[in-house]
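Here chain A shows up in two complexes: once beside chain B, once beside chain C.
Presenting the complex of A and B:
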């Protein structure tokens, strides 16, 4: 009984954190957009907008295409949201408080990020339509390029902890946060995070120059679910980033979970600003930068991080 | 509960897919600033279809196909000079009046369930019997290669990078968010590279007319202040669309708002916008690099900013004594390419506003050929016509995103083209 209750509590906590994070991202995004556009911010309208959008999605039919892969279309958003929840479930909230603490949390999180490629490719491939398929191909190139820098950036955080457990990675930052110990790590991680969440400057698969790319054929609830899954992924990336680089729940005065929320909100705000202040990269340019610049920098980051241990 | 959901949904922005027929492009663009209305890039994301401006019968089937792609519940608004039966049951709003309240009303009625959804206009059946094999079809006899029965199918392509890739033929347009409406391209895509490009059709209505200042300037002297303000606004409107294509929607709205009312006193605001655009890294990260052969093509085509971006001082205004008396000299870029054309358009917008401020009552002195925002414009010869001629050569061999950015940089205006070459665009399509 208590195992079932624990599981239910864990699922509710993870879902709740993703939902609250997604709302926070929506607000930050609107605020950044209003600031860049020079338009007035209307807070009341802003607060209800996500709920209004969800309601209108509920009342709008989901369309189909000619000869789609129906199973794949249904699975893609569920897979992406599931990966976000999997990552989020390993977020340490306070000393001893974490929904799940596998000894290999680092590996599980990295696997979740790797599987995003499958979710996005499936989403683009299954409608059997040109523009979504093109978006799917694009993500193939993007994802193959960001995997190695991502793994290396994360690996450098596991070195001082001498453990693959995310709880240990947070604890090991008590003397010094990783963002200071290895200053290259967080920027590389955030760049990859933008690509994993199909967001702003690295939203290549769902880009405007593909009329929406992998989601060009989506309508109604299916479109909303995909958007929700994307933002959930971004929230999970921000939350785990705050744990891996900003010391997670560590901080004076305030309780641990508040620090986690504040640090996650900070990273989400950075991403919201990046969306409106930075242009979308050409795919060729991104692939080139990832292999030629990010991989060596991430390696250097690992060496520096290792040197601290000598 | 149901009524709470309906109330919430009715309060959401009406999502509109707009078809911009002849003479309605700027009006449709202005809707981006309307309250409670959001223009979307795909009919699948829309609640309401807005069909604006004049459309030839040859486009009617395409309009019907777009209509049927909207999810239920859906409604249509016809925004045109006169009533027609293009979309039966559509609410009619006269072109020149604001359609946003009609759009919002239709959206609210749909969400409250007080307005029935529109039935499809075309039969929902396969264009020809499906002859594929297995659950996903491809591979049956007669089902590989080309576009059997209107379905694009992959075919074998020559080697690229030592890989054998499928070649996908695909049709883009006539109402794609990526192209000026009315333009249809037949593309062959190999991986992410366009290996074949043909202009399948252009033009919206054979009897296109345009109220553009620059077309008026072909036959009568026009105030230079007016012309230059028009040029600056055109450049800012172009910038708004181009920014949107690059994913910078908030900056795009700022450019559009500026383009709507830009006046001589606004040149500082345009300079600030240009600086903010440069700060996004768009010139280094987003736009395709200049390429010698392509720059050469544009340099000789009198395509206004696209030509001057490569350093060629080609500008009809130099031949006009009225412009010379105001001390006009064309702005030049260096090296060509999309990024140089972007920068030059913004710099020209600033320069035009300054020129308009000095212009006073001076009127243009030369008619017959003028410098439109897109290049040399004369009767029977529009810059967009020349741009369309170059388009296949320009984008062939490019990656998809580079090709879309290159098409955008050409600033093709089918209304202007239709107005100076009345009749010929319909022939080209036929």
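Presenting the complex of A and C:
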């Protein structure tokens, strides 16, 4: 009985964290948009905006395309949200408090990030329409380029912990956070995080120059579900980034979960500002930067982290 | 963990692996076939996790995502079927394929049933990993390093050949080989 109760509690906690995080990101996004545009901040409008957008999406009819792959269209947002939940379920909240702690947590998270490209490709391919398919192909190029820098940046955090478990990775940061020990890690991780979450300057598959890319044919509930799944993925990436590089629950005075929330909120704020302050990258340039610059930098990061262990 | 949930999970993942594996050949689109194959492999990876090979199972799932996507894109590229949504038959030489599949399945199933499962519990799991590490970085190091450098060289060469930038300019911006003789017009 207690096993079932624990499982229900874990599912509720993961879902709750994703929902609260997504809402926080929506507020931060509105605030960042106003700040970057130099517009006055209207708190009431800001607080209502995410709900207004959701309501407007849910009141719009869901359209369909000619001969779509119905199963794929339904599966894509569910798969993306499930991957976000999978990643979030491994987030250590306090010493000894974590929904799930697989010994290969690092590999599970990497597999979740790798499957994002399946979800996005499926989402762009299944409507049987040109612009979404362009977005899907774009994400193939983007995802294959960020995969290796991402794995190397995460691998460097596993070295001091001498373990692939995310709980051990947080514990190993007690003397020194990884953001100081491996200064290259967090920037690489954040760049990849923007691409994984289809967000801001690296939102190439769902970009406006493709009239919405993979979601160009989405409307109503389908569009809202995809938005929610994307946002959840970004929240999960920020949360696990705070655990892997900013010491997770470690911190003075305040209890562990508060530190987790604060650090995740900090990374989400950085991403929200990046969306409005930075121009969208060109895909050729991003692919080149990923292979020519990020891979060697990430390797250097691994070598330096390894040298500290000798 | 008790045995019942593990058995149920094994049954579920096996069913997914087999049904998705059959669907690979019964579907009419290359992209769908690639995704069914991915589902089948992911279920096999999950079974490996159930068997205690957590790392191998998760790495299999991790690697398959990228591989299947690349496979789907390359197949669509070669077949001139822009979205991979146009219906097409996914099998050739039906009778030969069915016979070969049935023979292979029966042979493997026969080996599995008749071969027996070895019962050699590992007393010290850490030692096995250590032995493997010593083998990879000890006596066999030259072999593995040679293979690794060769593969890396192949990848660099393939990228250099495929890259649009050539000795005589960018491939997408009027690159032209110079003429063989001085003062001669270059060949168009």
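In this section, the second predicted complex is superposed on the first by the 310 of 310 C-alpha atoms of A that agree within 3 Å, B and C clash if a C-alpha of one lies under 4 Å from a C-alpha of the other, contacts with A are read in each partner's own complex, and residues count from 1 in each chain.
Everything that follows uses one rule, which is that a contact is a pair of C-beta atoms (placed from the backbone, for glycine too) under 8 Å apart; a residue touches a chain by one contact, two chains touch by 3 or more.
Keep in mind that what you see is a predicted model, and the values were worked out from it rather than measured.
Once chain A of one complex is fitted onto chain A of the other, the partner contacts of A:147 are limited to chain C, with no touch recorded for chain B.
In the superposition on chain A, A:108 contacts chain C only, with no contact to chain B. Within the superposed three-chain model, A:82 lies out of touch with both chain B and chain C [touch as defined at top]. A simple residue count on chain A separates chain B from chain C, and the partner touching more is B. Of the two partner chains placed by superposition, chain B and chain C are both touched by A:137. Of the two partner chains, chain C is the only one that A:118 touches; chain B does not reach it. In the superposed model, A:69 makes contact with both chain B and chain C.
In the superposition on chain A, contact is made by A:211 with chain B only, not with chain C. Counting contacts by the rule stated earlier, residues 67, 69, 128, 133, 137 of chain A appear in both its interface with chain B and its interface with chain C. Taken together, the chain A residues at the contact with chain B in this complex read 32-39, 48-49, 51-56, 58-63, 66-67, 69, 128, 130, 133-134, 137-138, 141, 200-201, 203-204, 207-212, 216-220, 223, 275-285. Against chain A, the residues of chain B that register as touching in their complex are 5-6, 8-9, 11-13, 41-42, 44-45, 47, 69-73, 111, 126, 130, 132, 136-137, 151-152, 168, 170, 176-178, 189, 191-192, 244-251, 253-254, 257, 276, 279-282, 285-288, 399-402, 404-405. Note for the complex: chain C touches chain A at residues 29, 31-32, 35, 38, 54-55, 58-59, 61-63, 65-66, 68-70, 72-73, 82-85. By the touch rule above, chain A contacts chain C in their complex via residues 67, 69, 72, 102-104, 107-108, 110-111, 114-115, 117-118, 121-122, 125, 128, 133, 137, 140, 143-144, 147, 164.
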